[in-house]
Amino acid sequence: MARVIIWGGTGLTGGELLRLLAGQEAMELVAVTSRRRAGQPLWTVHPHLRPDYPDLLFTAPDEAEGVAADLAFLALPHGSSFPVARRCLDRGLKVVDLSADFRLRDRSLRESWYGPGGAPQELVERAVYGLAELHRRELGQADLASGVGCNATALNLALFPLARAGLLETVRAECRVGSSEGGATPSEGGHHPFRSRALRIIEPFRHRHMAETLQELDLDASRLTMTVTAVEMVRGIQMAAHIGLSKRVVEADLWKLYRQAFKGEFFLHLTPARPAHLRFPDPRLVLGSNRALVGFALADDGRRLLVVSAIDNLVKGAAGSALQAANIMMGLDERQGLDLRPAYPA
Amino acid sequence: MARVIIWGGTGLTGGELLRLLAGQEAMELVAVTSRRRAGQPLWTVHPHLRPDYPDLLFTAPDEAEGVAADLAFLALPHGSSFPVARRCLDRGLKVVDLSADFRLRDRSLRESWYGPGGAPQELVERAVYGLAELHRRELGQADLASGVGCNATALNLALFPLARAGLLETVRAECRVGSSEGGATPSEGGHHPFRSRALRIIEPFRHRHMAETLQELDLDASRLTMTVTAVEMVRGIQMAAHIGLSKRVVEADLWKLYRQAFKGEFFLHLTPARPAHLRFPDPRLVLGSNRALVGFALADDGRRLLVVSAIDNLVKGAAGSALQAANIMMGLDERQGLDLRPAYPA
Amino acid sequence: MARVIIWGGTGLTGGELLRLLAGQEAMELVAVTSRRRAGQPLWTVHPHLRPDYPDLLFTAPDEAEGVAADLAFLALPHGSSFPVARRCLDRGLKVVDLSADFRLRDRSLRESWYGPGGAPQELVERAVYGLAELHRRELGQADLASGVGCNATALNLALFPLARAGLLETVRAECRVGSSEGGATPSEGGHHPFRSRALRIIEPFRHRHMAETLQELDLDASRLTMTVTAVEMVRGIQMAAHIGLSKRVVEADLWKLYRQAFKGEFFLHLTPARPAHLRFPDPRLVLGSNRALVGFALADDGRRLLVVSAIDNLVKGAAGSALQAANIMMGLDERQGLDLRPAYPA
Amino acid sequence: MARVIIWGGTGLTGGELLRLLAGQEAMELVAVTSRRRAGQPLWTVHPHLRPDYPDLLFTAPDEAEGVAADLAFLALPHGSSFPVARRCLDRGLKVVDLSADFRLRDRSLRESWYGPGGAPQELVERAVYGLAELHRRELGQADLASGVGCNATALNLALFPLARAGLLETVRAECRVGSSEGGATPSEGGHHPFRSRALRIIEPFRHRHMAETLQELDLDASRLTMTVTAVEMVRGIQMAAHIGLSKRVVEADLWKLYRQAFKGEFFLHLTPARPAHLRFPDPRLVLGSNRALVGFALADDGRRLLVVSAIDNLVKGAAGSALQAANIMMGLDERQGLDLRPAYPA
């Protein structure tokens, strides 16, 4: 039984990790920290988990340093995570960090999006990018894994087969995102009267999650445009990528390419070509689960392709991928605690 | 042309007043104040009104004191309104105050709900409660009108015919309210991920808007219970009152009673007994308008009655009633600027 | 491994059963019937379950009669279920029927709500009402269990401790329900432009699910009023019961009463008295799970009580209770396949 | 006072016309037809308009033929409109047809999208495309105007300045649409449990409204791609067009181009470049009104442009444009009945 500590357990990704861990029987939660909520019951922040953790209190960070554990999840803000990671590693814990501190290996890329003064380069290089579908083998050897950007994950899982086949000439990705992407802290933009049914185009051409896609798909920045639009939902990402292919293809080749790439992947699923209304995935079909759905359609010219993916940003785009990575790092079946099905319609 | 000034124009009721005034051709907006936003264009806060007020800037309160006007609407927080009202009255303006400062004539009642230190009693007594349907004649003579509580208005318009007929023995009122009732300031409870699709019972037995109903319907406190539930909508109130009647009645009498009471009222409308799905009003049928809909059903025993009303909390429950009162105070047709129809479905 | 057949697998409760069974490892789905969809993949109707049942086709009813099985769930319309139940029982299967055919033991009560010509009385009397929390022992001996009405379940779980203590003098129950309660078949009332954000009071005083509450709580019809309001959600019921108690009580007694009644119940949970915003349960805290939450507040007079419950109508109010009953009937742990946690916020 | 008849008054555009006409004081409604609802009160279908039309009944089409009128709006299904138009014209009425029957002048284009057997070519050629901003002068001479496609209007109003300047090399337009676009008739796709919070990509590359854009902007089909995604709203279209410009431009030129093109247009408004969150229009800022908002951002390369527009599909995208065209055809101020402001937030 792996003893687990969560650093920073009051946010939405922290809450989601707690939900997943309640169903992961090979892991035992020994502490969850909060500076502001120390001493208060966990369920005051996560009321839906009261039956699962009826008596657990938040632990102050200082106290948590002394708690014996095997594995730490860090659900801390960007920039405050890496010192905790260092101390956990020094004490022999394996670490999965959900912040952006360790996601980008290239220092200049990292600093251009997240500013200077982040994690030291040698620590960054020790980290494996925490997306099991792309780094399963390295995660098996790692003691430090980064988290994944939710929007980046929607792109990376949808496009890696094309990237590996050298087919991506241009990518114009449009992410439709829910309000949970903005986190648990109230803000003007997230205030219900203004956020409800909003269609708010946040970024017209670029978004910082792009950097993870450039890195993971080994793409040149000039090939990728990314737009993010906030829509009326709480969880979920639908990513629609309009792709210019580097060569003309026929649809059968794409099916073959995707089927091979997804083969054996428990959490990746293609949507069917027919009936038409199921061709492009809707996030509601994965909410609450660690699944990613991918569908596509090729234009008549054989050069323009629409690829659409759907994930739950808090699961496959955050806590779920983190647990999957942790399972691998701990030598467990990567599916443990993640065999979840969406409740639909909901 | 009446010159109008709005004190406190950044909130939701201030915004709604601005929308209504843009269509009230007998009034001319000369200033709208904001301490925090002074000098900024009005449309930075109310982007939907940019075509109506392309160039208007918020005025600092100090400057606004010097602006010549005939009428002031005060959309300020409870407790900060009455000093401004006093100064406006002293300068000869007519005043409609949308806060709660002047709503409750009884000092002890007022202080029990809103705390001590409010408006001086003589000023309170100078004010007329600003619901035209109940105080049309007095408003014609008044230079100071209070605003109305939105939930109270949903009750008062639904129940005044029964109250006047002495039929109300017990009233258990349930208000379903939207997120705009909480105002424009971000809060944890109003944060979209937590507020979206919430069913949050805010008050099990009482709510401070009750006091206005007790006063206006001349009811004893022991007869009234009020529950407020936040539901998934931005605007709108649906009030459902389960009433124990003081004597057995037949339905035809109730129709007669309500028809007489609503006769000649431009904004009050009964919903039909049939078809069944239209019997009880839905707030969507009044959104954006100053209308109030009222429907009812009598139980077989002739003693239990369900009365349901629907209003837009920002219009009939706030800015619309305020403009209607102001129209009367200024000697105008009370409907001016208020001849609005809901866009449905929306 | 129990072999399971589902009769009528295209509706929302059928779909929910399929979701739950995919995670119930002691049961094996051998067939799911549909007259209209026979031969088509199950996922054309339930696209979220494509990864769980990639190859399963709907079976025509006639063929299904010949499939060997140990247990049948009937998710058929009211009135068409009992003949299938009879044939299944004759072939030695245990049967859980989700329709209303076997819920009401009293023939006249049953016919008054569902019309004449239903299940024969001896078959009805053979059935156990399928709510494990109230009939666990009988279910252990039964070969036929009824389903439960979703609204009735919200009432029954909230009120049975009070009913057993003889405290219920009057009950005015208000259920707020989602659109999934209306089923999967398109209708004018369920058409999105008209149903979205609706506040539609469906029944002012009574609803046919009342009958199950009268039966299960052994209440006199004159004591119970029930209102149903459709609100903006897909899943979930929030039931708020305003209760007149038969005697004055103190709050501590109620806590004791409820704690004892819920003791050992895996799926029943009380909400805390504090903080205030968590006192009354919100359906979002149980969606997708088999949990029921119950909270209450006592008025100062010690005689008026508000009890609020929240369930997922498709799980605890239908498929979840059915699986729980089936587990008991098959000698399994009643929690199998039901250890589910809500994804919140969502 | 122009006497107006509406043919086909039970749908969503018919209802919207009725709402607008209730506020257009220079027009008098003399009849509204419905085959199925003849003899029933108008408010049974449009309950929000009961105060406006308390006594009006639907008229059977046969009877309506004999009603004297000056102007007819046809809100009939595609393909059934043109024979009615012919008869109305023959009787000397002016006609505004909201169907697609007269929108496309080119017969082969028309038949390729709507099938053979539509309106005779000479009648089509008699019609003016009913978008006042593009055809004001011709409408002043016309006795027959077509309606406009809602998605086409979102594109046409956003792009006509660029088209006229010869700047459009490629256009990839993405329309986010609400459920009202599907009309008032229940359907599986529009059933609330399935439609609520859906993100449903309806068309990956083309949509029949494209044809109107090709015609009105005089674009070659190869330059335009159009995707339509159903999102969680009832009314509203947000159109986001990713444009490849035919030459490098600087942003100031675009501002100048758009300001000139929109000059004097009462219903067209540019959104400001700053603050960033207001740069791209959100449909909520126009709902219920006849306004169209347009915003844009130019990429650093001066060649890629994002143009975003927002309209209410039932107003500017249908009934509002129709009334605006009718006003012009009748020699009235085109703004009459259309001076409407959105209620926001709502």
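Going in written order, the chains are labelled A, B, C and D, and every chain counts its residues from 1.
The rule is simple: contacts are C-beta pairs under 8 Å (C-beta built on N, C-alpha and C of every residue); 3 or more make two chains touch, one makes a residue touch a chain.
Worth saying up front: this structure is predicted, and the values here are computed from it rather than measured.
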Touching chain A and also chain C, the following chains: B, D
Longest centre-to-centre distance from chain D, chain (CA-based): C
Chain pair showing more contacts of the two, A-D and C-D: A-D
Chain C and chain D: spacing of chain centres that average the CA atoms, whole Å: 46
Rounded Å distance, chain A centre to chain D centre (Cα mean): 40
Residues of chain A engaged with two or more neighbouring chains: 12, 180, 193, 196, 234, 284, 345
Residue numbers on chain B that touch chain D, as the complex places them: 12, 15-16, 19, 22-23, 43-44, 46-52, 180, 234-235, 269, 271-272, 275, 278, 284-288, 291, 312, 314-315, 339, 341-346
Contact set on chain A toward chain B in their complex: 12, 178-180, 182, 184-188, 190-193, 195-196, 234
Touch list for chain B against partner chain C, complex: 172, 174, 176, 189, 193-194, 196-201, 204-205, 225, 227, 229, 231-233, 236, 238, 240, 242, 277, 279-280, 282-284, 297, 299, 304, 306, 308, 310, 345
